[in-house]
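We call the chains A, B, C and D, going by the order they appear; numbering starts again at 1 in every chain.
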Amino acid sequence: MEIDPFIFRLSIFILSIFIGYYVVWSVTPSLHTPLMSVTNAISSVIIVGAIIAALAGTSESVFSISSIFGFLAIILAAINIGGFLVTQRMLQMYKKKKDKNK
Amino acid sequence: MEIDPFIFRLSIFILSIFIGYYVVWSVTPSLHTPLMSVTNAISSVIIVGAIIAALAGTSESVFSISSIFGFLAIILAAINIGGFLVTQRMLQMYKKKKDKNK
Amino acid sequence: MISANLSAIFYLISGVLFILALRGLSSPDTSRQGNYFGIAGMIIAIVVTFLSIGNLSSSLVYVIIFLLIGGAIGAFIAFRIPMTAMPELVAGFHSLVGLAAVFVAIAAFLNPEAFNLGIVGRIKLASLVEMSIGAAVGAITFSGSIIAFLKLRGIMSGSPITFSGQHLLNLLLGIGVFVLIFYLCKTQSVNVFWTVIIISFLVGVLLIIPIGGADMPVVISMLNSYSGWAAAGIGFTLENTALIITGALVGSSGAILSYIMCKAMNRSFISVILGGFGADSASDNTKEKKDQKPVKSGNAEDAAFLMKNASSVIIVPGYGMAVAQAQHALREMVDKLKKNDIKVTYAIHPVAGRMPGHMNVLLAEANVPYDEVFELEDINNDFANSDVAFVIGANDVTNPVAKTDPKSPIFGMPVLDVEKCKSVLFVKRSLSPGYAGIDNELFYKDNTLMLFADAKKMTEDIVKNLD
Amino acid sequence: MISANLSAIFYLISGVLFILALRGLSSPDTSRQGNYFGIAGMIIAIVVTFLSIGNLSSSLVYVIIFLLIGGAIGAFIAFRIPMTAMPELVAGFHSLVGLAAVFVAIAAFLNPEAFNLGIVGRIKLASLVEMSIGAAVGAITFSGSIIAFLKLRGIMSGSPITFSGQHLLNLLLGIGVFVLIFYLCKTQSVNVFWTVIIISFLVGVLLIIPIGGADMPVVISMLNSYSGWAAAGIGFTLENTALIITGALVGSSGAILSYIMCKAMNRSFISVILGGFGADSASDNTKEKKDQKPVKSGNAEDAAFLMKNASSVIIVPGYGMAVAQAQHALREMVDKLKKNDIKVTYAIHPVAGRMPGHMNVLLAEANVPYDEVFELEDINNDFANSDVAFVIGANDVTNPVAKTDPKSPIFGMPVLDVEKCKSVLFVKRSLSPGYAGIDNELFYKDNTLMLFADAKKMTEDIVKNLD
């Protein structure tokens, strides 16, 4: 009677697709550029896989062929995390009228 | 390393809450009454539990005390499924101008 | 018999179909299709449940019989119910879901083996917590919805029932339920379980009686939300994805809908739930004013004359139209006006009537095309350029006091700016206030003509005079 | 080391935080908070990953070093990048995600034990499928984004590169990837795995080269979507909830965003993807017209005079403003106008510029408050009541041919009705057409004054003349 965890993951996947669908429609068009940069930034969560791969080496061989790919992926994903800062810079610029004279 | 299925169910639950949140905001206000009736109708899916409870009796004792509650729940939930028909009747009435002279 | 995996996939599909059902409501065009998705989801869930149970004992026949009985009753109600009875119908249906949740929880408690939850007296802790929450919330939903139903149906008075210490009592009972559930987990005692359910029934009653009849729409929606959480609780117990998805969906959507309603009335959700609104109306104050100020009143002939000579008319329906069932007559009147090349549109306030979308359903019933019907924000600027506002059975939703008097209970609620029209016609039976119990200064304005009569009768008379 | 259950919960939390990050973007007020949610989600995911790995081998130091190196590079780029380079930055960042996905998939393929996926040569079938899909989509994302980056950066020509049989080739290669993945599942061969990745790189290049530079925004968003699906594929392989949620979120949101863009341009998604748009511009036709018709052109003084005497001005920025970096000068000009009690607002077309929301970011950079900036549907009716439309570097988005000529490539795209203003000022360098390559008849209208110059220079001159 045990259900395969894959099915749960599939459910999570499908439900998240719906959320993505709705979330975008609710974003105001003037923030579409930050939207692109923030969705890009959150995809750097792939770093989770990169860390696992990099740490898979043993104490003797830190840089096995597979962990090297992990380390490279860590750098790439970490650069991408900078996307949050880009977004922050952009969002910081959106101001209402009253703040104008600050 | 196995993850408890409860956590998956919790994920499904939380993600569905987000979907419910977004879905309602996207419903046009003129359909708020059908919305209430259709959300009510879909909650009759509780009938799934009712059927399991009702079928739990053995061949000798179809009507054990627990299965009786199941049978009662089946009736209640089945009545509630009528909510889809109510919704259908309501929605059938919403017409565009061009259909008016039909 | 199908495997647990396969049935899990089908339950997921049925959950997704329910999501699509709600999604369809984003426009009237797609809504019917959405409803079919919902029906399909329900059929899949039921069929899969049958298929996933291995030993289909002889009970199966009975299950199908009871299913058909229930379905027949449901269909009968669905076809017979008049559109005006929607609010109480929804309340009544919620009570069924709530009670069904309670029954399923009881069945699971008495026969946990059937659900794979352990054995009697040794039910898994998590399951026990889930099923008692499901049962408690279900019980509250049931008894609360019954009270709401009785109030809406007019069997019970709509006025709030309050007594001192009420909120404290509710709080204590609520805590009591939690303590009992905790105790239940330790003892697994049947009696404690029953007590939880009975106290929850009581809480449901006590929660709803202080809320005034006119606040019922918020309450219905809130109870809808509760029924969802109850279903989700049962879903966790039964480890059923379809129930969990649906429960969460209904739970959160109901909560958001009550929030939207409260916002449209500019009242806080808390103030609605604590109740008492509509009890201490400012009616003395109102009466006083009423006697002092002069009012222009007219008859059907005057109204017909005014509208015939207008080039644009905006119809503002309200609760009174629903009471009088005037929508068909109204539609006839509008048809006549249109034949005279007068532009007619309908302006709907989000909380006009006694249910969100109430007016839209009634107008749709009278065959008014939905593209002639506008929401407040889309039409409010048009009053200034229109000749006549025909306000039929609406009151609070036109009251300018919401814009001007910060002390008024409806202050801050967006209202329809009917006073900007060249002339305003008010169809109602008297000068008495609407649901909020506050006087409407528009009645005394120069450009207002009161048409004192039942909305349906008056509209029919106007129709005659338009020939 | 924390248990698998606990880390699963934390990954769920991080997924929810990402949802909240996107939700925040529904208004500028909540957007900054949303971004913090996103950062928090990322930190949680990273920390939990460290905690959930038991034997923190000596590699840990290196991991942290590489993390910091990457982070420092990212931060450096983030602070140095000019706002105008946003489109290529996003494209460049996508390529990183794509390549990271490929690398993780390779690592998993070479060392499946580390991920609990079986042993080399005997990887679980499901995992193998998931990781090869992840790798293939990741590779397409990587090479496609590189091409998009090169085109946007101007390193590669923006014009579409087409050859006959292109679509057939793409189709065959696509089918090839599927066949190879199937084959991979049977053989578990390393070489086949590498081949899948290499062909996918090729597909990525071939997919993007036929698409014109100006269609890149749709492409970026589409690649964003791809990077999401790749991440989700890896998420399934690693059985990681945060990755699955994020991947699905990014995948579907990117897809919807490209759909929204295509709709705003009134083009089908398919036509964008098949490419070739902008190659065979109707420029001959355009040139012909240009020589025939008379055009009124003016200088900064004329423009300043016209605007000084107006009571309301609407600014319509377009791609040319971005090219010229004229937003700061524009802001100065508007300030001067406002000091003269002239009402100034900004009208933004959904596809003005080369990226959705492009103009909004640039105006925000120049400190224009966002409540003075309006979307097309909110301001389009105001042109009729305004004196001057100041069109700066915009062209297609004002072209009335979209409303009148069914044969035009932009027919049906909603456009800003600038021609309804009393007078229209066009700041651009020549009469050459915009991105769509079609002539704009507004240039030849009586109430149009062309201001031929670089947008920044012209605006600065106007500012001087306003004193």
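Quick notes on this structure:
Here is the rule we go by: a residue touches a chain if its C-beta (ideal position, glycine included) is under 8 Å from a C-beta of that chain, and two chains touch if they have at least 3 such contacts.
On a predicted model such as this, the values are computed, not experimentally measured, just so you know.
Path length between chain C and chain D in the touching-chain graph (shortest route): 2.
When each chain is reduced to the average of its Cα atoms, D sits farthest from chain B.
Here B-D and B-C are compared, and the pair linked by more C-beta contacts is B-C. Each chain gets one centre point, the mean of its Cα atoms, and the points for chain A and chain C are 40 Å apart. Averaged Cα coordinates give chain A a centre that lies 35 Å from the centre of chain B. If each chain is reduced to the centroid of its CA atoms, chain B and chain C end up 17 Å from each other. Multi-chain contact residues of chain C, defined as those touching 2 or more other chains: 15, 19, 239, 241, 245.
The multi-chain contact residues of chain B, meaning those touching 2 or more other chains, are 2-3, 5, 9, 11-12, 14-16, 18-19, 23, 25-26.
By the definition given earlier, chain contacts exist for A-B, A-C, A-D, B-C, B-D. Listed in rising order, the residues of chain A touching chain B in the complex are 2-3, 5, 8-9, 11-12, 15-16, 18-19, 22-23, 25-26. Taken together, the chain C residues at the contact with chain B in this complex read 11, 14-15, 18-19, 21-23, 25-29, 31-32, 34-35, 38-39, 41-42, 45-46, 49-50, 53, 56-60, 62-63, 66-71, 73-79, 81, 83, 86, 89-90, 93-94, 96-97, 99-101, 103-104, 106-108, 110-111, 113-115, 126, 220-221, 224, 227-228, 231-232, 234-254, 256-257, 260, 348, 350, 355-358, 360-361, 364-365, 367, 369-373, 375.
Interface residues of chain A facing chain C in the complex, by the touch rule stated above, are 1-4, 7, 10-11, 14-15, 18.
Put simply, chain D touches chain B in their complex at residues 4-5, 8-9, 12, 15-16, 19, 116, 239, 241, 245.
Residues 5-6, 9, 12-14, 16-21, 23-59, 62, 64-67, 69-100 of chain A touch chain D in their complex.
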